[in-house]
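A, B, C and D label the chains in the order they appear, each numbered from 1.
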Amino acid sequence: MIKVVFFAALREKLACSELSIESDNISTVEQVKQHLIMQQPDWQAHIHNNALLSAVNNEMVPANHPVKSGDEVAFFPPVTGG
Amino acid sequence: MIKVVFFAALREKLACSELSIESDNISTVEQVKQHLIMQQPDWQAHIHNNALLSAVNNEMVPANHPVKSGDEVAFFPPVTGG
Amino acid sequence: MQTDIKISVQTEDFSQAEEVALLEQSNHSDGAVVTFCGRVRNRNLGENIQGLFLEHYPGMTEKSLSKIIEQAKSKWQINRVTVIHRVGQLSVGEQIVFVGVTSPHRHDAFAANEFIMDFLKVNAPFWKKELSDNGEKWLDARSSDQDKAKQWQ
Amino acid sequence: MQTDIKISVQTEDFSQAEEVALLEQSNHSDGAVVTFCGRVRNRNLGENIQGLFLEHYPGMTEKSLSKIIEQAKSKWQINRVTVIHRVGQLSVGEQIVFVGVTSPHRHDAFAANEFIMDFLKVNAPFWKKELSDNGEKWLDARSSDQDKAKQWQ
């Protein structure tokens, strides 16, 4: 299983903060996105947003970053703290 | 009359913090220095020190800066505050 | 060796005076202390602000701040670093973030503090929702913040 | 309009907390506050320091600081500025100088604060006499301080 979490404006748009997906056939962040869109086609515009950032196990990563069972994958808009 | 003041290491070396000189024939900071050395030849090494800074009426100035009667002329080593 | 890095993500307010006292306590080798404090402004992009809501990604936030501080430590001679960031509901004038850095050299303290703030702005997972006269709105990231962070490279 | 510049040359100690409070009081437009505090270090150029004596040129000091602050105000958007410099006898660990700057923009607050410190170091008429294990000695100016000030031009 892969844990997927969403934050801020993305969390509100998807009306979801956390979900789990099967890790079979998923080996990159990009494949996690494709899996989410397959499950929820109306998420496409929000997930396929070039500005969206990704993190795997609390480290910011690019879309081709590897993902394996047990990982926590996060998607969120550009950060605005400070 | 021109008021002349000295600070810090220079004040200690000259054993003088303040004196007054006649303003006749004095029109620049450099001429104030020459006048002081004429009066006190043993001040020469301390006054003719390239690192020495000068101020006229509380403004840092170069040696060719004009000086007139009533001015306050200050000589001091490079500053070391902060 | 004592721990010289303090990171806190908290809902409660903080006291700059206490944080400065901790940075200076039993620290007679660092002559320079630079602090930054960011607060909620009353205006942003022409709108009257009533307050902010700050969300973060628990777990990642601390790791991200810790990494930024380590990068600063590798670039400059700095000894103690404190980073405090508040989350939750904040009103106009309230403190949002504090960064304090000590060093034997003032330029190192200034540069490291600004570096930490610049990278916090683009890499630490915090998000602001603004409450203004026109309602609630998630703030957009600013390209100028990306540009500032890139200048350090 | 209230006076937004505070300059003080004093023998007494000061409270950074009070100074920050004054900079922030009724100031909801400036989101950024940067402070610098310089203190007496226990070591300098390899010697064990017991303390410092600070001399200044009364009258010129305030004018010189005021001019430096005006230059900073002409370069960056800063609103409130506080500069406090102590004179007289100071022990290791004691506060020497405080600079506080507020701005709507954090980079302006950082840059103006460091600019003020850099020019204070080369233009404000203060002199330090150091008391170390080897006796009393007037400190020499450092060429690195001249270099730092020149970088702003």
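Everything that follows uses one rule, which is that a contact is a pair of C-beta atoms (placed from the backbone, for glycine too) under 8 Å apart; a residue touches a chain by one contact, two chains touch by 3 or more.
Given the structure is predicted, the values throughout are model-derived calculations rather than measurements.
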Other chains in touch with both chain A and chain C: none
Greatest separation from chain D - chain, by CA centre: A
Geometric centre distance via CA averages, chain D-chain A, whole Å: 48
Rounded Å distance, chain C centre to chain D centre (Cα mean): 23
Whole-Å gap separating chain B and chain D, where each centre is the average of the chain's CA atoms: 26
Multi-partner residues of chain A (at least 2 other chains): 82
Multi-chain contact sites of chain C, meaning residues that touch two or more partners: 38, 106, 117
Pairs of chains, among all present, that meet the touch criterion: A-C, B-D, C-D
Chain D contact footprint on chain C (complex, rising order): 15-17, 20, 24, 28-43, 92-93, 104, 106-107, 109-110, 113-114, 117, 148
In the complex with chain A, residue positions of chain C that touch it: 38, 54-57, 59-60, 63-64, 85, 96-97, 117, 120-129, 138-141
Residue ranges of chain A in contact with chain C within the complex: 5, 7-9, 12, 51, 55, 58-60, 74, 76-82
